[in-house]
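The following pair of complexes shares a single chain, chain A, combined with chain B in the former and chain C in the latter.
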Partner chain A sequence: MTRTAIDRGVLAASAVFLLSVPWLIPAVADRFWVNVIAEILIWSLFASSVNLLFGYVGLLSFGQALFFGFGMYGVAIGVEKLGLGFWPALGLGVAAPVAMAFIAGIFAVRLTWHYFAIITVVFSLIFYFLALTLKPLTGGDDGISFAIPPTFRLGGAEWGFANESFQYFFILFAVAACLYAMRRLLASPLGKAFMAIRDNDVRASLIGLNVYWLRLVAFVIAGFLAGLSGALFAFFGRYASATYMFYHVSGEAVVWTIVGGAGTLFGPLVGTSLFILIREVVSTHWQHHSLIVGAMAILIVIYAPRGVVGVWRDLLERFGAPKL
Partner chain B sequence: MTNTLIALAINGLVWGLIIALIALGLSVIFGLLDIINLAHGDFFMVGTVVAWTVLTITGSFWPAFLLAPVIGFVLGAIIQRIVLQPIRNAAALSIVATFGLSMILQEAVRMTFGPTPRRILPPIRGTFDLFGVEYEVYRLFAAGVSILALAAFFLFLHRTKLGTWMRAVRHDPEIATAMGIPAQRVYRVTFGLGFALAALGGVVASPITTVDFRAGVDVLPFCFMAVIIGGLGNLPGTAAAAVLLAFLEGIISSFATPTVARIASLVLMSAVLLLRPQGLFKGLAK
Partner chain C sequence: MTAATTAATTAATTAAITPILRIEGLSKRFGGLTAVDNFTLAFEPGRLHAIIGPNGAGKTTLFNLISGFLPSDEGRVFFAGQEITRLKPHRISRLGVSRTLQVKSVFNQLSVADNLWITAQAGRGVMNPFRAAASYRQTCEDVERVLEQVELTALADRLAGTLSYGDVALLEIGMAIASRPKLLLLDEPICGMSPAETERTVAKIRELAKTIDIVIIEHDMEVVFGIADDITVMAQGAILATGSPKAIAADEKVREAYLGRPEDEDYTGEAAGA
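Our next item is the complex of A and B:
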């Protein structure tokens, strides 16, 4: 088998597994794992926004939680305060973070490297503290809970997140569509321009690329990915809270991305799955699972700095069959 | 009103001096090792826990002033050797590594010390009259200790061989190595010193704040603000910015909530980053 054939096989097997989860899991394990997998999908979409910026444009954002939070609040405020239905609320939960990413990006992408990492943290902290202060709008620490509106209504029948399988497939298709769009984007001239900036921004500007504008575009797309994941998470949890805007949330996504393999499409998915599965498996037996998570993050950056997907590629290269 | 304003301003000043101590450690680590240390707040937290442990075991607070920096230094040197040396020159990886470190430190403390926050009574009791407000004597003592430690650190940096080495390695690691300076050892000492400074800050602050395994999470952003506003790697600027920031937050807190004060200093920090990324105190850099 060639390397691409092995990769395709793994991909196809994962796709079949993910599509069969709502039937497969209840047959072999507790139904609770369906929701764990749905949560993994949402968080890997969030990590993908870090990956797009860091892995493909070379900007390390430590403030993606800002857009995740805007997505959550867009949905929660839309449903609870404005009385919107599912789709308008989802629209608000995507539009708000995209607009915020555009405004924040105008300032943030003027800076690079350490300064960029820090200004993104600062922006997210400003809105975290604002969300804590503006209690009437955001519910502060307690957050906003809401009842889930139906997604589709046809005659008397309704489909919505109240149905666990529907919820799972909605999340799966949203995340898969985003990853597919990201793949197309990265193969396009725009994606190549992103990578040129990552590899050398001076040269990129010398061949006529508008580095500032391209970085801003990437920042807004990343804001969209983070915002959509926040909106999905709000529907998934029927809840929005300021705690999800804290810098720890952003930091976890950076760790998941780098551990999974930054600059690879599926790295964030692998990293996120790894960490959430460990958390779910270990936390039932041992409450100090953070020790394992922390140690793993350290071991991986020391011994496999290119992440799990990087190790996988090296293995294929060494033991796998000839390249195509 | 004026009295509360003065008290809050002085509170800010005291707190700013303690933060200056911690932020100095962060700045040294950043300037020399090019590491954004996300575990720095937890180094501070380790200091507060050492203070609490020493007080519980010996019944006296004072040994902590010696013990915490020593423990911090040794732990820091070990961490540098095991975790950070293998990933040198990869700043993004160091962020992940220190994030992992932060999780381990917090969880280890939660496991041993427990999840409930505790308070330490000031070792110097009593209050005095400060413009009509009862003010704790210990806070002034804390400010004094912080000033002494800051002065000692700058003396060390400019008057000793090791301090000169540290400045040389920061300036140009390759030429420093070529001149026979053991750069690896200097890195280790620097990281140890950064940890020691934060731990000392923890001891000084422990009777003022609570001893809690999450204490570092709130301190970290504040230290970063001081480092940025003072200018990355600019040590005197960092100290000045820490005092200025805490003083401003103290004053703003007198007519608004502390959260609003925090937002104000974050906005100030964004402005500094965008308009003057070299920091407010460029003149102090050497």
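Our next item is the complex of A and C:
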């Protein structure tokens, strides 16, 4: 078997597993795991926004939670305060973070490295505290709970997130569509321009790339990914809360991405799965599960800087499987 | 004074044809240090022009000013008659001024072919996210052609970061070609190379000079006197002398400037004898 064949096999097996989750899981385990997997998918989309910025454009953002929070609030305010249906609320939950990313990006992408990381943290802190204080709009500490509107209505029949399988598949297809779009993007001129900037921004401007503008585009796309994941999470949890805008949430996504493999399409999914599964399995027995998470993150950063996906690729290269 | 006079003469003789690059009174100060001091020179098209001078003479700063990397304090820069003084680096690049850096720099995590691909495409502007890179036939053809020109076809799929030093230098030259420049600024292209690599690179530069105007900064006197049509000597940010290699080799002030550096002395002598 060639390396590409093995990779394709793993991908196909994962796809089959993910598509069969709503039937497979209740047959072999507690139904509760269906929602855990749905949650993993949402958070991996969030981590993908970190991955796009850090892994492909070279910008380390600790502020993606800001856009996640805007996605959540867009949906919750849309449904609860404005009385919107599912799709308009989803639209608001995507448009708000994208607009915010554009505005924040205008300032943030002037900077790189730690300066960029700091300004992204500052932006998310400002809006975190704003969300806490603007009680009439955001519900402050308590957040906003809402009743889920149906997604599709045909005659008398309704489909929506109230149905657990529908909810799962909706999330799965949204996340899969984003990853597919990202894959296409990375093979496009824009994707190559992103990677050129990541590798060497000085050289990139010397060959005629407008580094500032391209970084802004990347920042807005990342804002879209983070915002959509926040919007999905709001529908999934039926509420929005300022706690998800705290930079601690952004930091988790950075860790998931780096452990899974920054600069690889599936790295964030792998990292997020690993950490959320550990959390779910260990936290019922032991309160301090984050110790394991921390130790793992440190070990991987030191011994496998290209993350789990990087280790996987090295293994394929070393043991058999000639390159096609 | 001689410097000003020579510059004026050059300007006068080239008045008929538009110089590929014209610099007027360019200055750059870093705090108390004047890195480039009232630099005025017109570069004739169709000639390979070399800039030499001791370390700290302001050669690289001059390139930084031309390519838009540093804002100048005074003076103006014209490329093929068009003023480029305060343009951003990517704008200047798109007009047709390509530049290499003193420290070899390519896109390490991209393949050799992708390095050339993005360089060729960058000049064409639009970065469409909805089309596969492989479907841009013109750009892909350019990449194939350049790969052959710099003899890197066999290494096309290798990551640029894994290439040998000499191959990186070839890739840099390939990228310079791929961006289809009218003017190429080479900053010490053979610095740190083995004799064999030097020979290979010099041959490529000579070949390039047939179709592209080149300004080269180089320390290796043998190379400079071997390939340059015109030489400008810089010292302390200003022009010490400018003229043909023969005139420069015979110039008293140039000899004086290099006398303090014995390792360069025999080169100057050798070139003067040649």
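As a convention for this text, the second predicted complex is superposed on the first by the 324 of 324 C-alpha atoms of A that agree within 3 Å, B and C clash if a C-alpha of one lies under 4 Å from a C-alpha of the other, contacts with A are read in each partner's own complex, and residues count from 1 in each chain.
One rule holds for everything that comes next: a residue touches a chain if its C-beta (ideal position, glycine included) is under 8 Å from a C-beta of that chain, and two chains touch if they have at least 3 such contacts.
Please read these numbers as outputs of a predicted model, since none were measured by experiment.
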Between chain B and chain C, whom does A:K192 touch in the aligned arrangement: first, second, both, or neither?
second
Chain touching more of chain A, residue-wise (chain B, chain C)
B
With the two structures laid over each other on chain A, which partner does A:K135 touch: chain B (first), chain C (second), both, or neither?
neither
Touch check for A:R8: first (chain B), second (chain C), both, or neither?
neither
Contacts for A:R31 in the overlay, against chain B (first) and chain C (second): which applies, first, second, both or neither?
neither
Taking the superposition on A as described, I'd like to know which of chain B and chain C A:K81 touches: first, second, both or neither.
neither
Once the structures are superposed on A, label A:M296 by its partner contacts, choosing first (chain B), second (chain C), both or neither.
first
Using the touch definition from the top, say if A:R203 reaches chain B (first), chain C (second), both or neither.
second
Go through chain A and flag every residue that touches chain B in one model and chain C in the other.
none
Contacting residues of chain A [partner chain C, same complex]:
184-185, 187-193, 195-196, 198-200, 202-211, 214, 263
Which bits of chain C are touching chain A when the two form their complex?
67, 88-90, 93-94, 98-99, 101, 105-110, 114-115, 117-119, 121-123, 126-134, 136, 175, 179
Which stretch or stretches of chain B touch chain A in the complex?
36, 38, 83, 86-87, 90-93, 95-97, 99-104, 106-108, 110-111, 217, 221, 224-225, 228, 232, 257, 259-260, 262-263, 266-267, 269-270, 273-274, 277
For a test of understanding, state which residues of chain A touch chain B in their complex under the given definition.
54, 60, 62, 107, 110-111, 113-115, 117-119, 121-123, 125-126, 129-130, 132-133, 247-248, 251, 254-255, 258-259, 262, 288, 290-291, 293-298, 300-302, 305
